[in-house]
Structure formats: C-alpha cells, structure tokens
Amino acid sequence: STASLSEAKAPIKISVLKFGTVNWTLETIKKEKLDTQNGFELIIQPLASTQAGKIALQANAADIIVSDWIWVARQRGFFKDYLFFPYSSSAGSIVVPKQSPIHSIEDLIGKKVGIAGGGLDKNWLLLRALALRKNINLEAGIDKVFGAPPLLNGLMKQGELDALINFWHYSARLKAEGYREIINTHGIIEQLGIRRTLPILGYVFSEKWALENATVLNKFLIASQEAANLLCTSDEHWTAILPLTRTQDTAKQQLLRHHYCDGRINHFSDAEKQAIAHIYSILADIGGKQLVGSTTQFDTALFWTAHQP
Amino acid sequence: MHPIVVDIKKKNFTSNSSDRIFTAIENLKFELLENEFTCIIGPSGCGKTTLLNAIAGLDNDFDGSINIKKTNPSELHSSYVFQTPRLLPWRTVMENIQLAAGDNHSVPFIINTLQHLGLGNNMNSYPHHLSLGMQRRVAIARAFSVQSRLLLMDEPFVSLDPSTAKKARELLLNLWREQPRNILFVTHDLNEAFELADRILFLSDSPSHVIADVQITSPRPERTPQFLDNFKNQLSIKQPHIHQFL
Amino acid sequence: MMLRSSLFNSTLSLGLLLVIWQLASLSINSPALPSPILVLSTLNQAIQSAELLHHLGITLLRLATSFFLAMILGTAIGLILGRHHKLNTFFDSWLIILLNIPALVTIILCYIWFGLIETAAILAVVINKLPNVIVTIREGARNLDDPLIEMAKAYHFGRYKTLVHVILPQLYPYIMASARTGLALIWKIILVVEMLGRSDGMGYQIHLFFQLFDIASIMAYTVSFIVIIQLIETALLKPLDKKTQRWK
Amino acid sequence: MMLRSSLFNSTLSLGLLLVIWQLASLSINSPALPSPILVLSTLNQAIQSAELLHHLGITLLRLATSFFLAMILGTAIGLILGRHHKLNTFFDSWLIILLNIPALVTIILCYIWFGLIETAAILAVVINKLPNVIVTIREGARNLDDPLIEMAKAYHFGRYKTLVHVILPQLYPYIMASARTGLALIWKIILVVEMLGRSDGMGYQIHLFFQLFDIASIMAYTVSFIVIIQLIETALLKPLDKKTQRWK
Amino acid sequence: MHPIVVDIKKKNFTSNSSDRIFTAIENLKFELLENEFTCIIGPSGCGKTTLLNAIAGLDNDFDGSINIKKTNPSELHSSYVFQTPRLLPWRTVMENIQLAAGDNHSVPFIINTLQHLGLGNNMNSYPHHLSLGMQRRVAIARAFSVQSRLLLMDEPFVSLDPSTAKKARELLLNLWREQPRNILFVTHDLNEAFELADRILFLSDSPSHVIADVQITSPRPERTPQFLDNFKNQLSIKQPHIHQFL
C-alpha cells in the first residue's frame, strides 16, 4: 500500500548544479523525505553547468531550474511564460588580496580587474552604475579581464589580477583564504539608494506548469525553506551535506554556511518587487538592449505569488 | 550483319589548361567479321588507345557510333588488356584475376594460364612484388580468363622476352581457337601482326583514320619468315603510302 | 624482437614526456599544472571509488555509437559528393554551413528538439563530426585513380565490387586520417554535450571539476581516456594498418 | 555560362535550406530555433551597430594567425613523421596524448602560463588544431608515390625541389582536407578560447548571448562567420583547387 | 681502372606478407670500360630493373658493392630512363625535363631533342594528355637532357612505332658520340642490342648472373641485317647455352 501511495506522488523534476548551494537544500529535502511527506516526489537532475539547466527547462526536461530574475525578464521578452520565485539573496562581490592598496571603487582605476560572467554580468553592471554616480567611468578606466569564474579564481591566486568580481561561492572561497571583500552586490544596491536586501536567485518554472501543479509547487517551495532552515540550525544536517561543499577546509565550510544562511529570503513583498523593478531599469540603462532585449519595462507579474513566505 | 561496326566521325580532346581542341580521330570506320582477329598498327600518339577505350565503352564522348552485336546478354561484351597493367595493388595476382573473371571463373583454367605465362610461383604475390613484365603477363592472364565477345589488347606483349612473348602468342591463338571471338590487337611490331592477324588496319597520324586495310588469308602455320618477307614486299608495291610501317 | 624494441621505444617516449611534465609543473608551481605523481594518485583514487569507471564506460558507449554512425554516413556521403560534381556543387554550401555551425547551437537544438535524452546527445555529436568526415573523404574521392576505375568498369565489376576492391582501398588513408582525428574530435564534442545536458559521463564530471578548479582530477580523467585511445590504437588501428598495407 | 549556372545552383541550394529552416522553426515553435527572417533582421541590426564587425574582425585575425601557424607546423611535422618510421614510433604516443587532451585543459594551461593575453589564446588554438593537421598529413606522407620519389632521387632533385615539385602536389588533397575541416575546427576552438578568457571576439559575444539564451543573436553571428568562410571558399580555395588540379 | 665495377653477391627480397625470401640476383659481376655501350638481355623477371636500381643508388639493400668512378664531383653520376615514364603529372613536359636537367640545362637543346622525338607540339602539355608512347619519349628526352657519367635505360624504346624508335636510336647514338659516357641499356630485342651495343650481357633467370658476355667490335654502319644474322648463327654455335635468346 505504501507503494501505491508513493506512486500517486506528483513528480517534480528540478535541474541544478551538482555542487551548487541549491543542491544542498534539495539534498536535505530528499534526506529528510520532505518531498514524499508533502505529497510530491523530488527528482534531482544534477548538471555540470548553469547553461545546462536553462536548456533542460527549454527542452521541457526539467520543471524547475534556478536562475536570476534578469534572465526571466529577458525570456519573457521571447514570449516564454517563465515565472520566478525568490530563493536566495546571496550575491557576488569584489575581492582583492589582503595587502592590496585597493580599498574603494575609486582605487580600481587603472587596475587589472577580473570579471566573471562577461560584460553583461549584473554585478559588473551595477558596479558601473554606482561608479558613474561618482563620475567614474569604469568601462574605460580599468583593465577588464572577462573569463570563466574558476579560471579567474585561479588567476587571482597566481597574482595575475589586482581585483576580481566573481559569483558569491567563488568569492567565498577566496575570502576564506584571506582575500578581502571591497563591496558586494547588496552594498552596491544600497549605495545606489535602495535600502533593501533583495533576492537575486530564485526558482524558475513555466507559468503553465505552475498553474497546473500549484499545490505541489507551493508545497515544494515551503519544503525548500524548511530544508534551508534545517541546514542553518542543525549541525547534524549541515554535516550530512558537507561532501557537497567540496572542501576539506573547515574555515571555508563555515564561511560557505554563513553566506548560505545569510542569503535566505525571509521577506518578499511589493516593496521588494518595486525595488527590483528599479534596479532593472538601472541595469537596462547600462546593459542596454543586449541585456534586456525588448523588455525595457520590468513586469512584476513574473513573480509567482500564490505562496508568500 | 557485322558483329562490330565502328564509325567514329570525330573524337576531340579539350585540355583544361588551354582552349586548344585536339582532334585525335576523324572519320575512322571499319566493320569486323565474326570472330576476326584484327591487328591495328599506327604511329605512337595517333589514337589507338583512344579508339580501344571508345570500343570498350570507357569513353562515350565522341561523335559517331559504335555498335556491338550482343548474342548473349549475360556475357561481358569485352575484355581489355590495357597498355599498362592496371592491377589492383592491394590484391594478389590470383585475386586480381578472379575479381575480373567474376563468378563464372574456373580456377584450374586461371592456374593453367598463369603457369603457361611463367607465373606459376607468383599466384599469391602482390603486384608491387613483381617485375613490370610479370605484371603485364598477369594482365594478359586476366583478360584471357574472362569470357567475352571481344578481346581488346593494347600492345600486350611488349617488354616480354622473346620466348615468353612467343608462349603468350601461342596461348592467345589457342584461346581464340577454343573460344572464338573478335580480337582487336594493337601492336607496333609488324611481324607480330603478320603472324597473328586475319586482317591488319593501318592508321594514319592523328587525326587518325584507316589508311590501309590488309587481309591475310594464308593459314597461320604457313606464315614462315620467308612468306612474310614476300608479303611485305608485295604490300609495299601495292600500297606505297604505308611504306613507313613496313 | 620488433615487439620488444617498440615497447622499449614507447616506454622511453612516455618517460621523456613524464619528465618534461614534471619539470614544467615544478617550474610553473601552480595548482593549474599538477605534477604527474599527483595526477596518478588522483587517478588511482578515482578508479578505486568506481566513479571514474562508471563515467568512462558511459562516455565510451556514446563515443562508439556516434563514431560509427558518423564514419559510415560520412564516408558514404563524402564518396558520393566526391564523385558527382553536380551533387557536390549543390550541397557544397550546406556542408560549409554544417561545418561551421558552433557545436553549441547544434547541441542546444538537438536537446530542445528531442529532450535531454541519449538520442539527442548522440545525434548532436554525429552532426558535429559528420561534416569533417565528409570533407576528408570527399577530398579522397576526388583523387581516386581513374585508370583503376576504368579497369573495374571494363571488367563489369559492378557497384559492390568496385566499392570494396577498388575504391575503399584507395580511400583507406583518408578514412584512417578521419578515424584518428575523429576519435579525438568526438571525445571533445562529447565533453561539451555531456556538460550541457547529461548527468553522467566524462564531460559532466570534468566540468564539475573545472568549477572547483580541480585540475588534477580533470587530468586524471583525461589520462584514463587517453589510455583507452592508446589501447584502441595499438590493438585495433595499428594491426589494421599493418594488415591493409601488407601489399606495399 | 558556367558561372551563371553555378550561381543559379547555389541560390537554389541556399533557398532550399532556408525553406527547410523556416519549416523547422515553424514546427518546433521555440525561441531556440528562430526563423531565418528573425535571424537576418538581428544580423542586420548587429551590423548596423558596428558591434558585430568589431568582434568578427578580431576573431578573424586570431583565426588567420593560428590557422597558418597550425597548417605550416602541422604539415612539416606530419611529413617528417610520415616519412621517418623511427621518429614516428617515438612520437606516436605524444601525438595521441596531444590529440586527446580536452581543449579545456590546454586552454586553461595556456592562460595560466601566459596570463589572459593574446599570445596565450592563439597558442591554445594552435595546440588544439596542430595534432589534427599532423595526423592527416602523416597519413598522406605514408602514401606518397614511391616511383616518383625514386625518380627525384635518381635525378638529384635535392630537398627543396623534391618537396615543392614531388611531395607537396601529392599531399595537396590531404592539405586541402586539413584546411577545410581546419578552418571550421579552429573557429570552434576559438569560440571556446574566447569564451574562457577573452574580452572580445565572436566567442565572447556568443557566450554572452548564450547566457541570455538569445539564440537568434547566436545564429546571426554564426551566419556572418559562415558568409566569410563561404567567401574564402569561393574566392580562394575553389580557384586554388582549379589551378592545382588543372593537369587532370 | 674501370669506371664502373658491379659486384652484387646477393640481392634478396622479403615480402611483408610471407616470410619467403626471394633471391633476385646472385653473384652478378661485371666491369665496364670507359664509355662502353652495354646492352643487358635477360628473361622477364630476372632482375634487370633491380640491377639498374642498385646501380642508380636507389636500392642499397644488397650484399656486395658497386663502384662508380667520379671524375667531376658536380656532375650527376647517372641519369635513368625508368621502365615506366615516371613523369610528374602536375608539371608540363618542359617543366618535367627542366626540373631534372637542373640549372645547367640548355633550353634549345631540350627543344631540339623533343622535336627529334616528335613532341615539338607538346612541350606545354601535361603528361595525362599524352599517349603512353609520347610519355615514354618525354622520359627519354629527360634522360638525354641531363649530363651524367652513366645513362641507365630500362627498355626505353618499347611501345614506340618502328620509325620513331629508329629516330630515338639515332638520337641516342648521336648523343653518345657527342657526349661520350657509359650506357647500360636493357632490352628484350636482340636486333636492337646488336645494332646499338659494344657489348651485350646475357643474364640468367633469377637468381640472375651473367651467363654470356658478348663483344661486338664491328663499327655500327657495317651492322647490316645480313651481318647480324651471321653473328647470331656464330653465337649460337659458340655459346649454345644462350640459345633461348637468339
């Protein structure tokens, strides 16, 4: 009879990076059987790159993936009915070596700066926007080096770069090795005049699927939050997913956990949505058509609202 | 009806490099009688190989027509000893012959032919391990092993030593007697032609056409060196324009 | 004797390579170029954990399937295009387009069309390798020896015999060039295909390692694959070379 | 006449391709396969904004440099290995290793060794293409016509004359196969090289578009590159083919 | 001292396929006098081409020694008319010859030679556009245009028509008189040998060695057909073991 019960469970296919932080949450859901208890069955498809998840979603091979709202907004410009539900506010940062003379954005002028994610990376665009307010043109003023995140981390350690803008889990690893953070995304957003902690990453799924599976989706979203809380409150659960951090170094592990927990979303209301719309317009200004496509106006309908934390 | 009627009005070659058109054959006509052994003699470069290629159906790009009467549709219409051996280097002597002979080959016949041509020890050799003369003999054996209405031979016996060439000629005549067919035999050696042929066609320089058509009616055993000398002398009197060949 | 000396030779050659590698890794002294010893011990661990063999096996299966598909199709098409001038002028631009579409595009399209399934992955690989085979074989087909083909025609070899006994032996070096570079190329494409849409295989693993900048593991996996290729080369291709070139 | 009919032919062929593409994009109806019209209008915009030409120019420069380096080095090494049995057995395993190292590894090593500079990028491309050229040319060098080489020896042609007049014309089809597949392969490698560590070029751009999943732009960039390759083919390779094959 | 001393103790061929060793030449020894015109006659497959290759330095894999006296180090030691034309197909007739003749070629001489051989109109043709006999003539012209101590000729005049062959023979004798040198001339045609040579070496079947060494001392103009018949008759009495060649 248990078999027939589990057969009735609605499957949710989710594609994530094998060693990404979302997978920590998902693995905890599986370990604690939070899925079957809540009437769905979580099927994790581990992938090796973020792009693979996007392909999986497009190919209908995954119900849910993890991405940011900029991408969702852009896809809606291509008539894709994707929705976004906030998951984490963990964001990238600029790090420099401990002894570096660089202490502020101004100091970056004339330096060799690594930038992960290419010219349209949101961290880089936001930094440029902030600098422009201080009448600094970073685009022309620094020696930009775009590259793959791990490669840039490697080059940073070789001393090839003066500063590095990288995604948070890469920055965290560097910080654990004593590198110093100049500013992170939230700091930039705050200096741009928006005093809110905003979600960056979230679950992305198609509206059609969400409406058809609203109940299980909501249950999944709650389970996800529960699992994240478990990881932050219970050492036992944290130890269980330690292999996924892929580091033996306890300092690094602690830092990663700290950032992970800081990144949890506990408040998301219309005010945050407005703030995101504001930032989007800043990004649209800087990034231009290439970044936002035809969608210059942010459409707040892209947030999944059936469930509020 | 004649089994083979050749009537080539014009055969042109255009070289890619220049726009020059070269006429190799012009108004070349002849008809062969049933099972006639015909030799073709002509200066080097006059178009003999071109003619044979056309008859073999390898080159259809000419003005005119070539008609070959088919008695038996399953039969090969021609077999061809090319001017170069054209053996498959990656197949042994035996394989080369069997491939051409097809299903209706008889291994003992092939072995016998090879032995007569002095290749009894080389049946499993690859062509690269044979001397040029030996390769030519393989090509001859190949043509002999195929049953066809028409046997085309382009200077088959050059670069064979006299005794091997003699054996090859005997073998050819035997084959022809046992399995009568039309033979078109290109040679530069007038004596060879006199010894073998029922008829000799002399070709002009290119654009080539038939300038003399000589019948030899005496039976082959009677063709002694003396007889041939006489025949030649008569010919140079009757047909002075082919003096250069005699 | 021959065997012993060739064994000696390849030991020497590999030894020299290891020494160069060791020196380079000492001189550069970066985790980006781990020493051979580290790589071998990583390899050893990966083999013990059975993880490597699992992924290697899956990748090899994909490799074999797409290799044979690409070679057979490519040889056939290349031969046809090389021998038929008109078809070739018609499809030439298709070939150029197919050759130059980034692997990324074909891979995405295959996955989106067929879903993230095995067929899509293999198809993506075949599409990427196919035009290379075609181009190489076509070049060979253009340069076939006409006298031999005329001979086959004069003796009524027919299609099959001409293909097997006259044409393929002449195409052999082109086929071998295609096969040798092809195994390597397919392996490289598979790495990307697996990165973009599979949850197993060497490409999946290597990209995970890349994100962790774990070059030692990447190299360990690479070494294991190279050993396989070296085995294929010595156990299959070399003897095949010997056998088919016997007549020289 | 010839020209007109070949123009007609290629228009027909491209037209057919466009029709197939259009139908496919209609049937799949996904942004992953944009219609040709959308792609062409995107291409038009990209050209107008001068952005495309900038990146295309940079990539073509890299392509040309690494292509010639790889072809010249590869032909030389392939020829030497193909003619010297001993050297070949010694370096054979090196070649197999070089062939099968994932592009990722060589690219990372080059960047780490030399920094994220132009030299590193070009070197990475050359290292990736080189073994393919070597293997193809080596196959050709093994199958040279010995009688002609003996002739050259008997008449004391010397190294240079033998190379230019006897060997290279025989290697021509192999060189062309290598060049044709090579342009495509180098282009694909450059895409990865630029993606991983350059701040300009087609690969950098395409990767940006890929992050946004903007397939129309990716295809527009691809089309612009294919047009260039098609131009190279018709303006350089085809006439070269004609000229060198005149003797046939 | 003899300008050329050949002493091949043993020349073996091993075929890759089988472990069979084939001995092509065994104890073949001869010495040539200064500027001697020597013909070599032997059955097909006996090892004549193998011998010439060894002398030309193309094959050093034999037991024994071949010594060629060098008078002038800059001079080519040999030029070689191979048994097949061996022309570069991607070079024109003229280019083929000039490449071999090197810097010290004289274009008028080459043109003159080509015209004598009936190729005046084909100087810019590619070999593929020539008949086999024409290609052979190009190969002959190539060898004539190179200045060398030793001229090796492997059945050079086969598949030429009698009148072209006659011209080629005259050209060869003229060249030899004007630029004296050693000539080694392989042929199956005894009459040709009698007409040209100072000396004829008869080779046995393989493993080949010299079985008869015949000097012809009478001046060439006196070598009428009648004289040759007499000579042959005498030879077959004095050296009955070479009867097969006569």
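As written, the chains take the letters A, B, C, D and E, and residue 1 is the first residue of each chain.
In this text, contacts are C-beta pairs under 8 Å (C-beta built on N, C-alpha and C of every residue); 3 or more make two chains touch, one makes a residue touch a chain.
Nothing here was measured: the structure is a model prediction, and the numbers come from that model.
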item: Two chains joined by the most C-beta pairs in contact, as defined above; value: C-D
item: Taking each chain's C-alpha mean as its centre, the one farthest from chain B; value: A
item: Computed distance of Cα centres, chain D from chain A, in Å; value: 38
item: Inter-centroid spacing, chain C versus chain B (mean Cα positions, whole Å); value: 49
item: Distance between the centres, which are taken as Cα means, of chain E and chain B, whole angstrom; value: 27
item: Residue list for chain B, restricted to those that touch at least two other chains; value: 17, 84, 126
item: Touching two or more other chains - residue numbers and ranges from chain C; value: 30, 32, 108, 112-113, 206, 210, 246-248
item: Chain A, residues touching no fewer than two other chains; value: 51, 58, 148, 151, 154, 158
item: Residue ranges of chain A touching chain D (in the complex, touch as defined); value: 51, 54, 58, 71, 74-75, 78-80, 117-120, 144-148, 151, 154-155, 158, 160, 290-291, 293
item: Contact set on chain B toward chain E in their complex; value: 13, 15, 17-18, 41-45, 48-49, 83-84, 118, 124-126, 129-134, 137, 155, 158-165, 188, 190, 244-245
item: Touching residues (chain side chain B, partner chain C) in the complex; value: 53, 56-58, 76, 78-80, 82, 84, 86, 88-91, 99-100, 102, 126-128, 142, 146
item: Chain C residues within the chain A interface of the complex; value: 30-32, 108, 111-117, 194-197, 199, 203-208, 210-213
item: Complex contact set, residues of chain C against chain D; value: 6, 9-10, 12-14, 17, 28, 30, 32-33, 89-94, 96-97, 99-105, 108-109, 112-113, 131-132, 135-136, 139-140, 142-143, 173-174, 176-177, 180-181, 183-185, 187-188, 191, 206, 210, 215, 218-219, 222, 225-226, 229-230, 233
